[in-house]
Amino acid sequence: MTNKRKIINDPVYGFLTIDDDVIFDVISHPYFQRQRHIKQLGFTSLVYPGAVHTRFSHMLGALNLMTRALEVLKVKGVAITEEESLGVRLAILLHDVGHGPFSHTSERVIADVHHEVLTLMFMRRINEELPQDDKGRKPLDVAISIFEDSYPKHFLHQLVSSQLDMDRLDYLSRDSFFSGVSEGVVGTERIINMLNVCNDELVIDEKGIYSVEKFIISRRLMYWQVYMHKTVIAADTLLLNLLRRVRQLIGRGIVVSGPEYLMGFMSQSYDAESFEVDASLLERFSLIDDNDVMTAVKGWMSHDDIVLSTLSKQLVHRHLAAIRVSDRPFASEQIEQLRMRAQELYCISLDETAYFVGTGILRNHAYDFNDQEIKVLYKDGSCRDISEASDQLDRHFLEKQVTKYYIYFPKELK
Amino acid sequence: MTNKRKIINDPVYGFLTIDDDVIFDVISHPYFQRQRHIKQLGFTSLVYPGAVHTRFSHMLGALNLMTRALEVLKVKGVAITEEESLGVRLAILLHDVGHGPFSHTSERVIADVHHEVLTLMFMRRINEELPQDDKGRKPLDVAISIFEDSYPKHFLHQLVSSQLDMDRLDYLSRDSFFSGVSEGVVGTERIINMLNVCNDELVIDEKGIYSVEKFIISRRLMYWQVYMHKTVIAADTLLLNLLRRVRQLIGRGIVVSGPEYLMGFMSQSYDAESFEVDASLLERFSLIDDNDVMTAVKGWMSHDDIVLSTLSKQLVHRHLAAIRVSDRPFASEQIEQLRMRAQELYCISLDETAYFVGTGILRNHAYDFNDQEIKVLYKDGSCRDISEASDQLDRHFLEKQVTKYYIYFPKELK
Amino acid sequence: MTNKRKIINDPVYGFLTIDDDVIFDVISHPYFQRQRHIKQLGFTSLVYPGAVHTRFSHMLGALNLMTRALEVLKVKGVAITEEESLGVRLAILLHDVGHGPFSHTSERVIADVHHEVLTLMFMRRINEELPQDDKGRKPLDVAISIFEDSYPKHFLHQLVSSQLDMDRLDYLSRDSFFSGVSEGVVGTERIINMLNVCNDELVIDEKGIYSVEKFIISRRLMYWQVYMHKTVIAADTLLLNLLRRVRQLIGRGIVVSGPEYLMGFMSQSYDAESFEVDASLLERFSLIDDNDVMTAVKGWMSHDDIVLSTLSKQLVHRHLAAIRVSDRPFASEQIEQLRMRAQELYCISLDETAYFVGTGILRNHAYDFNDQEIKVLYKDGSCRDISEASDQLDRHFLEKQVTKYYIYFPKELK
Amino acid sequence: MTNKRKIINDPVYGFLTIDDDVIFDVISHPYFQRQRHIKQLGFTSLVYPGAVHTRFSHMLGALNLMTRALEVLKVKGVAITEEESLGVRLAILLHDVGHGPFSHTSERVIADVHHEVLTLMFMRRINEELPQDDKGRKPLDVAISIFEDSYPKHFLHQLVSSQLDMDRLDYLSRDSFFSGVSEGVVGTERIINMLNVCNDELVIDEKGIYSVEKFIISRRLMYWQVYMHKTVIAADTLLLNLLRRVRQLIGRGIVVSGPEYLMGFMSQSYDAESFEVDASLLERFSLIDDNDVMTAVKGWMSHDDIVLSTLSKQLVHRHLAAIRVSDRPFASEQIEQLRMRAQELYCISLDETAYFVGTGILRNHAYDFNDQEIKVLYKDGSCRDISEASDQLDRHFLEKQVTKYYIYFPKELK
């Protein structure tokens, strides 16, 4: 426990200030520190070499935005107690703590548990370790309640998770910054200055409409240009197929070696229940990160199984599959034909070609209507949804969902 | 072999353009791709969380600056052939290809070879794999000659390695950018615009004096504030002690497991000669990077040896040693006392305390006189060294070498 | 005539390089230098204090983008001769040279001539002063032909004036930069890298679609947030009313003094024909800029006419009218009522209240269909308009024209 | 009087927040608004076209830094009351309000009064107009006392005026930003975070030493590269000679017309006493700014006096004198010779050549010892001057004063 104001340099915002002991302790916790070794954007650095930034820096950045948002809301007269202020800051700080190696890519493959469920488990575990106050309360009680959306003031949850939460504001800025895709830049500071609360809902002041429109468009641009870049899809798919092959081989009794903690999750299938039953599982899960996966894959390059070794070499040497994108699903004949050619190329069985040839779907909403809507607060005190308020980003535009289909296959078959 | 102009986003410079097939092939080579997994600044990200950028992006960035510098010099009438232009660009592109895990930190510990010697080995190996032209020349012939400084035009070597080389210009800009230490910013573009050649020496036009002064001061600031930050020194020292302990245990016949390729270098001591004798060694060395080290250290947290497991936990959990810095060497009594207290703290032998308590030296020249001097080209055509040309950064200032002494010991003994 | 490469610092792009003597001479010409005293965004700095940048820097910036665009097009194999290259660069350099004080605001009020017509007059006048080559050609011949769109290669004109011209790319970046409205940032570098030519039309490569979408949205945001900001509208309207009042008073024989060159245009009404008839008129027009207007207005604060002095004080002291914006035209009763109250407020006649109360229209297309469409070049060599190519920015979105109505009146009547 | 939080976009810092009614009123005052028309760097934009930023934005920027500095000091436990906090913010906001056209250039030429004396006069005049509170105090009482350094807490004055005041921190950042001289960038945020108070002196925390060193070097670089750029010196000298010629002609009874308020100061010589005697003088002074000077000079291009018209044309057309800089004073023979050649060139009397040929001195301290020293606060609580604390910026370096001599003469005589 230190009692000093700590300043951390951050290339996106300049300086981050940590001025609370509990926050400092949470950041120092091994469960938080492990996020130093989990890249925010997984394989995206294969396309954007600068995008090697970590979940660790994202979570600190989101905390920084939350601190600023709370200041703005307080100035505007929104009632937020000191306890709530700390709670919502801890909630955003920890919101991604449940991510495993390569974040979303390997989610449900390493352990069949959603990362938010794991986040809650980690939050509770950290909370247990922290001392309770004289009223028997633990430092993360409020944070957990806000994260789960069981806290009475709903807008606090929305600051952590909604269309305009501090998570998105930070990751769009950060991903744009580190990838060098300057077009993704979002007017974070302006949006935060325009935040307000109306009927316990997080809303945006009327003057901020254009900034929110811009934010929605930027997010869409980042989706297609960065998050769903063909090369990233190819690498993600490759890793998934690799891990599936490892599981399959182990299932068949074939020895696949690799870092101990990772292999523990490869030889077993764990779901949320497993984590509840075996308390040690979370600790073991906490010990795997991007490093283990990359180290393992390098080792597998010399495995006897031709499928595993080929996939591993492709990932390590960045020899990725070709990807075709289409507005329509691909014909099964086309897939079959490619699989037959892959069979020949690699001298493998037709079944095994499923590791090299396959299809998938890409989906992108400009704005997700299943999610909460962004509400705009007018000078007259009324609130309307942004799709009604915006001149141009009307429902027609916002509702439009784009679905694309892709097929991947060995580059040699082009 | 592709024949298209490739554009890579880079957050520091915006866009990098690759317009040559040989350069494209070299970048695609596994020996180059491995640098994606070696951080430019090793453990610096423990202090500056954004500074996780890689050698890969640094080498591309240095290539970009070289391309710009060549344009400037050609406009100024400096004779540079197409072949030389490609050669010097390949030389800067590959100048760091010999770095192993954690770059300088583990240099000579994993293999007792200077990274520049390894760079040359990698360059030659890549060159062998490339096709020769009809005159029997290989694409990297000129690059290797420039890198070794055996090429007749000496200034080409200076663009790769000297007080004002493209390496330094890129790393200062890049490290400043990713760490968020904005004060390290260097007027890269202006300095490049001021480059010139005089008597086969790389010089700076008179108008660029202030920029060079600023560059020297920035470099010094980056040294003390970033490269020699206490926390970084503590982590570097910890890793070195860790690797030494592993070697010692293996020497004693104790099993220490870990990623295959890394452990191969832990159980043997290789020097430059070994690499010449055993051609496979370079390939095996090429297979280890930061990932292997971090994965290994996590595994060692549960090793039976208390020294190894303690050091490993300290590194993984960022529980680093305390560092004191002084203008004078530390008294041996002070060291002995700390070692005795460490012995008690960890219940280890006095000998073993050498892994937890020790001293070291930090040194920093503003400007290194053993190195080549920066020469300034005056309008009248004469050249003088910057220490004579600068109003204020005179020899008194530039020659001043700062030596500091540090001692490290367990935080608990504070 | 100098023969050296000149480098100019520009905060937006870093460095601008001038490497051609004709370009250097044109920049040195008084007709070009006068643009140092005409702000790019007129009264916008009343809202965004940083936005005091000049047409001078915009024109240099647009030249810089043109130089880069030409490099990109040449690499892609588009045939552009040296003469055309210089011509199109001179055309963009001079494209705004015809602007008078406060650019668009006072256009047609000081002289009833469109600024592009004046630009052509200035270009021809400068061309006359430049020496002809041995074939009897003048340096600006090609530039003028491109500017007028009479040059055979149409895409060269489009680089100067079209939906994706270098003018817009520069002004959006520059206005965003100086105003501090970071959301207006456009991926200039990426768009330029995606430019291409197809059937003599300037097009964008398929990969650049998202950047163009972003560009269109950014432009719209800048329109509403900056260019049509209420305060700017209020100040623009105020200046127009001021100048109209001056004309009216002079028409009635009342002496209104002020800077000589400006007053020459206040006591007469000149149109394009006048400029052709009287060759000295252009020279006299070239002698007025923002300084004269502001100096004059300060002097008019003490004029006997209450309308003129009141309007002048309001502008100098930034005591601007209130503005209401609505989706519908304002009722004439509302206007009448406000005028009656203004009459009382200032003790002026009802007629004179027209200088203080009035209405106007704001219009904004996301994308102007009367203008040329942005065409997208597909990998298969086909071209389609972006409204067909874009997933989301479809014709429905792009065609939507937003019309808003505003009323202005003295703040005291709020 | 409004009661709302106002946000102003600033390209340097993003957003400036005005949250106090008195501050809002002071900014709205005509004496403050006039600084919109006085460029921060006078003729510097003749070299750096982006550097057209105004004193207005500088004063707002300095206020912003002050607000942040106060937050930092309060967190560190420095006792600052609400009244003092407002006072020191008003003091920095108004610190440059006394500047006349072209700031320092025309200081003492238009009126023979130091700008700080004028600042005090403006502060007192504004204070008179503001309402007093129930204790008979006026809003600017504390601000004036701090500005004059008569307020008991000396460090408050140092925040406004000292080696490390908010004025310098802002202008270095701002001038560097707008000029595009990125090397001038100062770690403003870090320096502010390192501020502290010790024995009523503003000091810097030990950890901030390198940033302060960098700040001193940057300031020096900005001096030579921007503030004392040859072209700026030439333009400044030209304006001074122009105004002197106008005074001389008027003294001889020759009519020189121009903007009324400016000419009032040209036909009389006013000193500080005059301003005290004639209360209306300050108001009249407040009505002149850069616009009047530039408008006047344009008018003088057609004056009958060949000296005045020549000087005027040179300034308007940017046809500036040649400048030679030397370490030694120029020989009187050289000056005489140039004057004789100038006499011939312009067909003027030898006396009159003094307007075209002359000499001057440039001086620059890295660090001014006549001024207060920057003190460093060590962890042990002791304070030392930075020249003792810094490893390299020792007294030898800091004391070194550079004096240069320049001569200017018509370019045609080169």
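A few notes on this one:
By written order: A, B, C and D. Residues from 1 in each chain.
Just so it is clear, a contact is a pair of C-beta atoms (placed from the backbone, for glycine too) under 8 Å apart; a residue touches a chain by one contact, two chains touch by 3 or more.
If you're wondering where the values come from, they're calculated on a predicted model, not measured in any experiment.
Common partners of chain C and chain D, by the touch rule above, are A, B.
Any chain touching chain A that also touches chain D appears here: B, C.
Taking the CA centroid of chain C as reference, the farthest chain centroid is that of B. Remark: among chain pairs A-C and A-B, A-B carries the greater number of C-beta contacts.
The distance from the centre of chain B to the centre of chain C, with each centre set as the mean of the Cα atoms, comes to 50 Å. The distance from the centre of chain A to the centre of chain C, each centre being the mean of the chain's C-alpha atoms, comes to 44 Å. Work out the mean CA point of chain A and of chain B, and you get 32 Å between them. Shared interface positions of chain D, i.e. residues touching 2 or more other chains, are given as 14-15, 181-182, 189-190. Those residues of chain A whose C-beta lies close enough to touch chain C in the complex are 181-183, 185-187, 189-190, 210-211, 213-214, 217-218, 220-221, 224-225, 366, 391-392, 396-397, 400, 402.
Every residue of chain C that touches chain D in the complex is listed here, in rising order: 8-12, 14-15, 28, 30, 33, 36-37, 45-46, 48-50, 52-54, 56-57, 60, 177-182, 259-261, 287, 289-292, 294-295, 298-299, 316-318.
Only residues 5, 7, 14-15, 19, 75, 189-190, 193 of chain A touch chain D when the two sit together in their complex.
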